[in-house]
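By written order: A, B and C. Residues from 1 in each chain.
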Amino acid sequence: MARAVSPRRKLITTVAAWAVSLLIFFPVLWMILTSFKTEASAVASPPQLFTADWTLQNYSDVWARSDYPRFFWNSVVISVGSTLLGLAIAIPAAWSMAFVPGRKTKDLLMWMLSTKMMPGVAVLIPLYLLFQRTGLFDTKIGLVLALMLMNLPIIVWMLYTYFKEIPSEILEASRMDGASLWKEVVYVLTPMAIPGIASTLLLNVILAWNEAFWTITLTTTKAAPLSAFIASFSAPQGLFYAKLSAASTMAIAPILILGWFSQKQLVRGLTFGAVK
Amino acid sequence: MSTQSNRAAARLMVAPSVILLFIWMIVPLAMTLYFSFRLYRLLSPERSGWVGLANYTWFLKSPEFWQAIGNTLALVGGVLVITVVLGILIALLIDQPVKGQGVLRILVIAPFFVMPPVAASIWKNLFMHPQNGLFAAVSRAFGADPILYLENHPMLSVIGIVSWEWLPFATLILLTAMQSLSSEQLEAAEMDGAKPISRFRYIVLPHLTRSITVVILIETIFLLGIFGEIFTTTQGGPGSASTTLPYMIFKQAIAAKDIGRAAAGGIIAVILANIVAIFLMRGIGRNLDA
Amino acid sequence: MGKITLTQVRKSFGETHVIPGIDLNIEHGEFVVFVGPSGCGKSTLLRLIAGLEDISGGKIEIDGTDATDLPPGKRGLAMVFQSYALYPHMSVKKNIAFPLKMAGMDEAAIEAKVQSAAKILNLANYLERKPGQLSGGQRQRVAIGRAIVREPAAFLFDEPLSNLDAALRVTMRQEISELHQKLATTMIYVTHDQVEAMTMADKIVVLNAGRIEQVGAPLELYNHPQNLFVAGFIGSPKMNLITGAEAQKHGCTTLGVRPEYIEVSADGPWQGTIGLAEHLGSDTFLKVDVPGIGMLTVRGSGEMHLHHGNQIRLGPQAGKIYRFGPDGKAL
């Protein structure tokens, strides 16, 4: 256990830690504050941390100018859909790798991860054409598939590291008890791995929500999520700092709130098996 | 713990992932490979045909190419060094007995939830803008001229922005790892007469090796493809000062509308990515799974 | 029923032959203990019988039917694991009910069986708890409960007591023996602890390097070890094994004398110095350095008022010596 430290030392470290943390957080804070300012006070010189004329005008302007709920809904469907689909495919794969490892298991896992190293831009044109041909372009199902495949290696890897910590004796016990493979996975493995699965789900929802390459290039309007919504505001059309900040805040708020609430669970799961 | 029927089931259960990923990788790659040997310009669709290695030689001879390689390495390497080093320092700081550790974690993790286009546009407009940015105001307050970050130090600016995005990831993984270190080990080292620096060097750092490995692996995977941040901030400029390999390919495909050349660039990028991957997996894969 | 027959059962992992070939008959209702040092293949043999590993060759029959290729759940066996392998997310009740649920039994019948198992094992008050809230002994009982509700042809125990503290181990040992008497079902029990083997078994199978060294009733193994390995393994403290001139005097390569059959007496043939004396009250253990023979362990009953450095004379009791030939076999 942590030993008692002198109050003075605790004060110093507390101040330092808070200063550093606030510095890291500051850009987000500044953006949120700016979103509640008038355009004039947003660019006031010298800049003001707080202003006298707080306003919600920017939010109502952004709301009026674009169909936020649609972008929002698309983001939810795409990020949650791709993650759930990915889990459904990855759980059996991770079971195999964790409990029936072969000599090639590690190589397979590493190969899966290496597919993620291929820069998206390198295959942009072919995928664009493929999506056009197959009618997946600008559809939610198309993006669900694309993001699922993009994150699948990460999902498999995370699940693999959790599953490996489950003693194989418990799965063997279920086999002795007459459970079929399917029942073993559904009744024993999955419930035992719930914390790990939850972390995986959270991280991948966040990754999918924040994905801003395929979601922008493979959509136009119908299936466009919040990344496309914010891209339309960054286009150079005069500098409306307050409105830009409001739109940005709206784009990240849902995931920021989700992330903050589930922060403990998420961080625990972020270790990728690196912490025993 | 395996029987034959188990191994068969395992192969069956791993198959969907492998097959889907293989298709997802091989089909676009094959198409890219095909395009890379073709003359294929969107602006002059009537001219087409095989051009052999012309697209590749154009790429390899372009002075921009080598700069792009350099920039890509600088971006990946720079962000890795910054996030790992700062990550360790911040994790060490937060791991001390401080008040409000929970809140600190919430503050530190926030950038991780900010999508890249938003992160890039906050930094570009609210901070780095030469007239209205906060940094300009700070410079003026000290009586100096505002620094033209994106114009004069484009690569450094991009590295800074991307590092900010990835710092939480590194910090939190390293923090979790640090907290898993048994305090008995540290106390034993203290009994053995180790000073704080030695304790960090000989106890804490070795304990963090696996976590640092994971951070490097995951970050590299994402950093190799960094695109949106550059697109939003510098557009690869000025000139090609902040053009990375992915961005150079993008410029060929979208600005020059030369699909053939872009495809050749894509293949080169894939080859380079694989070299990096092999290098990483060799050095790291063994470290990962003891 | 519960008759298990192994015929030329082999197991190899790649080039390593863990079990080169075993023949064994286990009769209905027997309590059979596989015992041997770690790495002797006893757990592997149990897992082969359970079906958790494929055999590389040979045949396993359970009650006359060939079970060689049956999956574990279809062999009618129940297993209690070293770590108990309870399902941590299920209550005690659900843990015990799991095999019945897998068998598709209806709710009412499951409930009745769980209740009766809980009664036998004193678990009735803990049915709603999760395994994490139980003590080691209670977890052990839940694992046994999960096994008995299936009414298996045989129970398999894989070092089930090794995670318990010494006192609890004795209690559980007795409980398992009583359970065997009550159920009269075949039990196969793996342990490296020869005390467990001696106290529980009807039949002990001593394994070494994947081979059976000897099969027999506990006292048969104690009284008539067929070879040096069994002689050294069965009995605690270990049998003294003497080689050299003293052995040749008795016409053998190795002379074995159990510590409890060495007498300390003024006219003993050997003379030695006490190196260590352990006084337990009920027994006294002596380590005696005898020149020309080596260090001997002596077990005397009661308190013996002997101490470090004392010179004593001692010798084997008449007729209580074991003689082994150059091949390690008993003569």
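By definition in this document, contacts are C-beta pairs under 8 Å (C-beta built on N, C-alpha and C of every residue); 3 or more make two chains touch, one makes a residue touch a chain.
All of these numbers come straight from a predicted model, not from anything done at the bench.
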- [ ] Report the chain whose mean Cα position is at the greatest distance from that of chain C.
- [x] B
Open item on the list: Using only alpha carbons, which chain's centroid is the nearest to the whole structure's centroid?
Closed with: A
Open item on the list: Per the definition at the top, count C-beta pairs in contact and tell me whether A-B or B-C has more.
Closed with: A-B
Open item on the list: Distance between chain A and chain C based on Cα centroids, please, to the nearest Å.
Closed with: 53
TODO: Could you give the separation in Å between the centres of chain A and chain B, each centre being the mean of its C-alpha atoms?
DONE: 16
Open item on the list: From the mean C-alpha coordinate of chain B to that of chain C, what's the distance rounded to whole Å?
Closed with: 57
Task: Where chain A touches two or more other chains at once, by residue number - done: 172
Task: chain C, residues touching no fewer than two other chains - done: 51-52, 71
Task: Residues within chain B bordering two or more other chains - done: 1-2
Task: In the complex, chain C residues that touch chain A - done: 50-52, 71-74, 77-79, 81-83, 85-90, 98-99, 102-103, 146, 150
Task: Contact footprint of chain C on chain B as seen in their complex - done: 1-5
Task: Complex contacts: residues of chain B adjacent to chain A - done: 1-2, 6-7, 9-11, 13-14, 16-18, 20-21, 24-25, 27-29, 31-32, 35, 90, 93-94, 96-100, 104-123, 125-127, 129, 131-132, 134, 137, 140-141, 164, 167-169, 172-173, 175-177, 180, 183, 210-211, 213-214, 217-218, 220-221, 224-225, 227-228, 232, 245-247, 249-250, 253, 259, 262-263, 265-267, 269-270, 273-274, 276-277, 281, 285, 288-289
- [ ] Give every residue of chain C touching chain B within the complex, in rising order.
- [x] 51-54, 71
- [ ] Over in the complex, which chain A residues touch chain B? Could you list them?
- [x] 1-2, 5, 10, 13-14, 16-18, 20-22, 24-25, 27-28, 30-31, 34, 43, 45-47, 89-90, 92-93, 95-97, 99-100, 102, 106, 108, 110, 112-127, 129-130, 149, 152-154, 156, 168, 171-172, 181, 206, 209-213, 216, 226-227, 230-231, 233-234, 239, 241, 244-245, 248, 251-252, 255-256, 259-260, 263, 266-268, 270-276
